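Below, each structure is written out as structure tokens.
Paired with chain B in one complex and with chain C in the other, chain A is shared by the two complexes that follow.
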Partner chain A sequence: MEIGATIKSLDPSVAAASPQEADAKTELDALLYDHRGEDGAFAGTAGSGAFRVSEWEAGKRAVLAANEDYRQGRPFVDAIEIQMGRSAHERVVDLELNKTDFVQIPAEQARQAADRGVRVSASQPDELLALVFVRSRAATGDARVREAIARCIDRAAIVNFILQKEGEPAGGLLPQWSSGTAFLFSLDTDAHGAKEIRPQIPASTKFVLGYDSADTLEQSVAERIAVNAKEAGISLASRAMPTPGTKRANANDSKPEPEIHVDARLIHLRMPSPHPRISLTAFINRLGSLAGIADSPLPESASPEDIYYSERSIINSGLVVPLVWLPQVVGLSAQVRDWKRPEAGQSWPLADVWLDSAADAR
Partner chain B sequence: MTFRSKLFVNFMLALLVSVALVAAGVTIVTRRAFAELNREHMDALVAQFHKEFERRGHDVLNRVQGIADAEPTVRMAIDLSRPNADISVYVNDARGVAQSHQLDFLDFVGTDGSIISSAEWSARFGYKMEWVTQKEDWASRGSFLMKLDTQDGPALALMAVATVRVGDKDLYVVGGERLGKEFLASLVLPSNMRALLYLHLEPAFQPVNLIDSAGPVTEAERFEPIIERERSHPSEQTAKIDWTFDAASSEIFHLIPLLGRQNELLGVLLIGNSLRTVVTLERHILWLAIGVAAMGLLFGLMLSWWGAARVTLPVRKLAAGAREVSDGNWNTRVAVRGHDEIGQLAQSFNRMTQQLVDQRERLIQAERVAAWREVARRLAHELKNPLFPLQTTVENLQRASAQNPDQFEEVFRESTGILLAEIENLKIIVGRFSDFAKMPQPELGPVDLNEVIRNVVKLFEAQFGAVGRPPITPELHLKENLPTIQADTTLLHRVIENLILNAMDAMPAGGILMMRTTQENGNVDFEISDTGTGLTHEEAERIFTPYYTTKQHGTGLGLAIVQAIVADHSGRISVESETGVGTAFHVELPIKPPNHPATPVTVSEEEKKEEA
Partner chain C sequence: MLLNALCNWHKPMRLLPRLFFLRAIVALLTIAFTVRSSPAQSAGEIPPEWGEVLRSLAHKIAAGAKPAKTFSLDVRNLSSLNEGEVDGIRQMLVADLSSLGLKIRMAPADAQLQVTLSESAHDYVWVAEIRRGETSDVVMVSAERGAMKKSSAKRPSLTLQRKLIWEQEARILDFGLLEAAAEGASILVILEPDTIAFYDYRAGEWQLNRGIDIGHERPVQRDVRGRIDLQAGKAELPGSECAGNFQRPETVTCIRTPATKSAALAGVRGENAEDRAMVAPACGVHDPVLISGPGDWTEPDFIQMYEGSRQRGAVSQQIQFAGPVLALWASEDGKTARVVSRNLKTGAYEASIVSVSCGD
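Up next is the complex of A and B:
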């Protein structure tokens, strides 16, 4: 198995340095822990899950051995060797060369990989890529500015060209399959409306849209938004931001990192659960500190209407602009059998798969 | 300034002017040669640029055409020609193709002008590139310059378009190279030249758009005037920028406008040629010329000095000879060899002095004859007067003895008396001639000239106011503290006495006799003038000639004696006279005559009083 993230520690008390590490750690935790709460948190002790850690090289390699005492029965595979920090290209190539059986594939490369004959499995779209305006920036304080930018974004082009149709345009914070109300949010591009708002914005206003420098998808989307804004007459520049937790090439350099001021940034919001209330609550918690969204958590008794109105309230604030829904895409070798596409919030069902050694011969 | 110095100065001036002309000529020729060399370098570089530009254009065109002809592109065109073709498949193709073909810009553009894939700005897919679909034969168009919008702002690129036609649909392959510092770095330039590129991407001059192979140019604002001029009139021009007051810092720029498809100005290539090397070389040559000129001048100075000395030596000999002649040495001869003008002049000089000597001899001889004739005439005249009475008296005696013997005794007595008187008169005349002939040599001693004048005047005071004669008024203007002179008092006394007598004879109707003494140039001068009848010009010229007189009973020896005495004292006498106004005699006497060294003594008034 090969993943792109590098996991420094499996200790739950050690926070992940980046969203990628956090996601990868969540996937491994799902294999190491027996029980997972409604909010996605794991309970119990490490090793109570389907696998146990037999070898560990922080950030490089890990070997998970099958837990003979697993409550739901021993996994079919004896062990899973995990190579960390592999690039998407390396992962796909290794899969094609049968050097690995299971790899993560970025959604935007899924189609290309499939065209090359790779066995690809994509989940339901459960990860939202959104544009969030930074609350502390004066340039974004004007609702007209946010509205103009939101109107000019061409989501369909992002999905069709950048994601190669591996995803869905996002108008709300929850996907249609989860909330059932996503169709109520507009997905249309309104460049004309954006141009009409443009004269109301001071000509000197220049916006900076930040993206994770390690995330090629974010870079492509940010550049596309910049083009959309340019066509609408809005000065918006995309700028790479250092990936959280990454170190500079020269670690001995004692100079502080220059602070990059951005007016908005792209973020990934992955649904922790297929339940809309739980996911929306998680999203609100995530967006609260960044965009200044202060909606109260939804109670367990919240009805679909309550969820919709809460979602609508956030969208109407203009602080968050949903862009696209991304699926979780994995590549599987021909040996992998009984693979089931995971639901939203569910982890890779690696305990249930088995390897058909004869398949390789075929 | 001597003739030699003048000749030397003239030689030096001529040499200096010649050296200056040669130096100026060398400088001008050198400067023109360097300017021509610079122009050739510049032309070569401009030609290189045009060639490189054309080569790159062909290169870009070939690469773009190669991409268009490649199988993947043809398949893409075929795929896109189908109804409902999925263009998203190709959105990332341009980048890889551009990298493999080393193009900075590459866009696949659909038949409607929509960007299918963009290498430099991949996010621009779907937007229109309408200029591509304009009616233009891209195959024959070749490469062209174009201003492109990029993520980092506008850029200048050398572009080419190739078309892949499938059915009635076109797939445009638009590719190019960025025209920037990489292009400048590819130009091979001499060490003293540089190439700059101004990207005319903004309406107004932007210093940051002026780049060289390393990036933005420092002090770019200095280029604004020439860039503005180029923007106003796009053409190949030349401009000069003086970076500092030092001429070596100057730089000549050749401006080449870079035009787009519509002949719009998109950029300006500036090929700069630093004048530092040229100016430094010119200065070296100039200093070398100055050094050579200085050496030449020094050598010329010595040569001129020697040459002037050599050339002027005969002239100086001639001048010395002339001085000798002017000092009275007429036997002087100048020894000059050669047959040039100077030699001829020397020969002429020698002939002239020889002729002078000969003529002087002849003149002396003639004067001597004339003097003897004059002496004879005067002697005959003087002796004739007493001889006639003697003859008459003797004849009376003879007649009385023959005719009147009784009265002979009486006649004899009277006649002998007359004879004795006339004989006495003859003796006086003979005595005067004897005196002039026996003029004594002066016995020099300290003489107070003022005192001598006063003494002589005292002797004549009675005659000045004699009864029956019109009065003569003496006026003395004697300089006080006149130094004593070395002279013979008796002779000086005689000089002044003769001059006063002469003046008195000239003033039969009375008048003023003025005597003045002065001191000038080591001489003591005295002047005796009268207000008498004056002399004619001819009389004044002959007044000092012995035995010449204007008076009825004069011997003509008085002023001759005066001149002789003055000459014996190494002095000089002259006369100025105007008929009817008066006559003035001016005598110059040296304080210390030659060959009679003596210290002039000034006689004070107290000493004079004591002497008195």
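Up next is the complex of A and C:
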């Protein structure tokens, strides 16, 4: 198995340095720990899950061995060897060369991989890519500015050209399959409306949209939004931001990292559950510190109407602009059997798969 | 077909009290909920539970549309409801709006009403958008998805029927229904990998009488199978056996046994496989056999009756299951079959009885 992230520690109490590491760590912890609660926290001791760590090289490689005494029965496979920090290209090539049985594939490369004959499994879209206006930045403090930028974004182009149709335009904070109310949020591009607002914005205003320098999808989307904005007469530049947790090229350089000021940035929000209330609550918590969104928590008894109006109030604030929904995509070798694509919030069901050695010969 | 043991990290099955998870459903013969193949739902035939939901929607529309009294109405369907069901919902909503003094008419009207029948991950969501001039309002209700009966295609003369007996979060290996020692009472026996549980039907619901820990020496195999033999008064699974008078659960005890040689209880590591059960001749079919579909644990499944073997052709319609059929056993009298399946939509294990009837 090959993944893109590098994991420094599997201890759930050790914070991940980047969102990518956090996601990968969650997947592996799910194999090592017996269970976790609704809040996503793992419980029990390491090794109480379907697998135990038998070899560990932080950030490079791990081998997980089947837990013979696992409460729900021993996994079918004897062990999983995990290579970390492999690029998307390397992962797909290794899968094609039968060097591995399971790899993560970025959503934007899923179609290309499938066209090359790779066996691809995509989940329902459960990860939101959104533009978030940064709290306390003067340039975006004006609601008219935020509205102009939101109106000019062409989501269909992002899905069709950048994602190669492996995703869906997003108008709300929850996907249609989860909330049933996403159709109430507009997906239309309104460049004309954006141009009408433009004269109300001071001509000297220049906006900076930040993206994670290690995320090629974010880079492409940010550049596309800059083009949309330019067409509406808005000056917006995209700028790479360092991935959290990455070190400078020259480690001996004692100068402080120059602070990059951005007015808005792209972020990924992954649903922790198919349940709309749980996912919206998680998103509000994440957006709270970044965009200054403070919505009251949704009670367990929240109705679809309560959830919709909570979602609606955030979208109407203009502080968050949903862009696209992304699926989780993995590539599988021909030997992998009984793979069932996980639902939102579920981990890879690797304890349930088995390898058909005969498939290799066929 | 094999037992599934998918990990579900968000729904720990053993941490909370057992009864919390048990959603008693059901039905012993006279009170059984029958999931039966039937013609497509016709207009107006919608579950009674939905009538209340639609009345609530009509009240919300009336409140949100004030002072409008006349509406143009457009209903669109974004859900898995079929045309007949959509028609039925529309008719009932129009009737409810009329009873509140609101009239549906073609334009011109005081307001436009767009009703969208949508669905979330768990329920149907019915949304009404009310537009009056420049203003608009949105109201909505949700309706239980499980309330709608299944519909299916035309029935052949030999019909399979499925009665859902029990469902629960924990894995079921086999189950059995029998008369209790007390006259008119019933007992439901559920065999799980670690427990054999006895339920009594009292006061209109199944109540746990006794749960007996099987006490394995080691965790069971992931693909463990087990079987209840009511006539012999025993339940077998690899390495263990529980025996006694099942009509008197207090007499039942479990012991460890040498690993079973029974091929029927041997796991086959999740490979594609089909289950089969020979049943008694019925409806002119001399050697009927029920066979499950060829899919694996990740797919919906079905059971169909064949004459002798699959090669000789099906003699019944398919009964669909929302997940893999994990066990299929003929009953002692051969007239019915016990089926354990897993519903991939809900994650629950389901115990059902499949029976055969002749004609419609």
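Criterion: the second predicted complex is superposed on the first by the 362 of 362 C-alpha atoms of A that agree within 3 Å, B and C clash if a C-alpha of one lies under 4 Å from a C-alpha of the other, contacts with A are read in each partner's own complex, and residues count from 1 in each chain.
Keep this in mind: contacts are C-beta pairs under 8 Å (C-beta built on N, C-alpha and C of every residue); 3 or more make two chains touch, one makes a residue touch a chain.
Not measured: the values here are computed from a predicted model.
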Exercise for review: Check chain A with both chain B and chain C modelled on it and let me know: fit or clash.
Suggested key: fit
Exercise for review: Decide which partner touches more residues of chain A, taking chain B and chain C as the two options.
Suggested key: C
Exercise for review: Have a look at where A:Q164 lands relative to chain B and chain C in the superposition and call it first, second, both or neither.
Suggested key: first
Check your understanding: After superposition on the shared chain, which partner residues are touched by A:E300: those of chain B (first), chain C (second), both, or neither?
Key -> neither
Check your understanding: Does chain B (first) or chain C (second) touch A:E196, or do both, or does neither?
Key -> neither
Practice item. Considering only the touch criterion stated at the top, classify A:E57 as touching first (chain B), second (chain C), both, or neither. Key: neither
Check your understanding: Upon superposition of the two complexes, what minimum C-alpha distance (Å) separates chain B from chain C?
Key -> 25
Study note, to complete from the structure: On chain A, the footprints of chain B and chain C overlap at residues none
Exercise for review: Could you please specify the touching residues of chain A with respect to chain B in the complex?
Suggested key: 111, 154, 157, 160-162, 164-165, 220, 223-224, 226-227, 231, 238
Study note, to complete from the structure: So, in the complex, the side of chain C touching chain A is made of residues 4-10, 12, 14-15, 78-79, 116, 118-125, 127, 129, 138-142, 193, 218-224, 269-271, 296-298, 344
Exercise for review: Spell out the residues on chain A that touch chain C in their complex, using ranges where they run on.
Suggested key: 30, 34-38, 49-50, 68-76, 176-181, 183-184, 273-276, 303-305, 308, 337-340, 345-347, 349, 351-354
Review point. What residues of chain B sit close enough to touch chain A in their complex?
Key: 88-89, 91, 121-127, 151
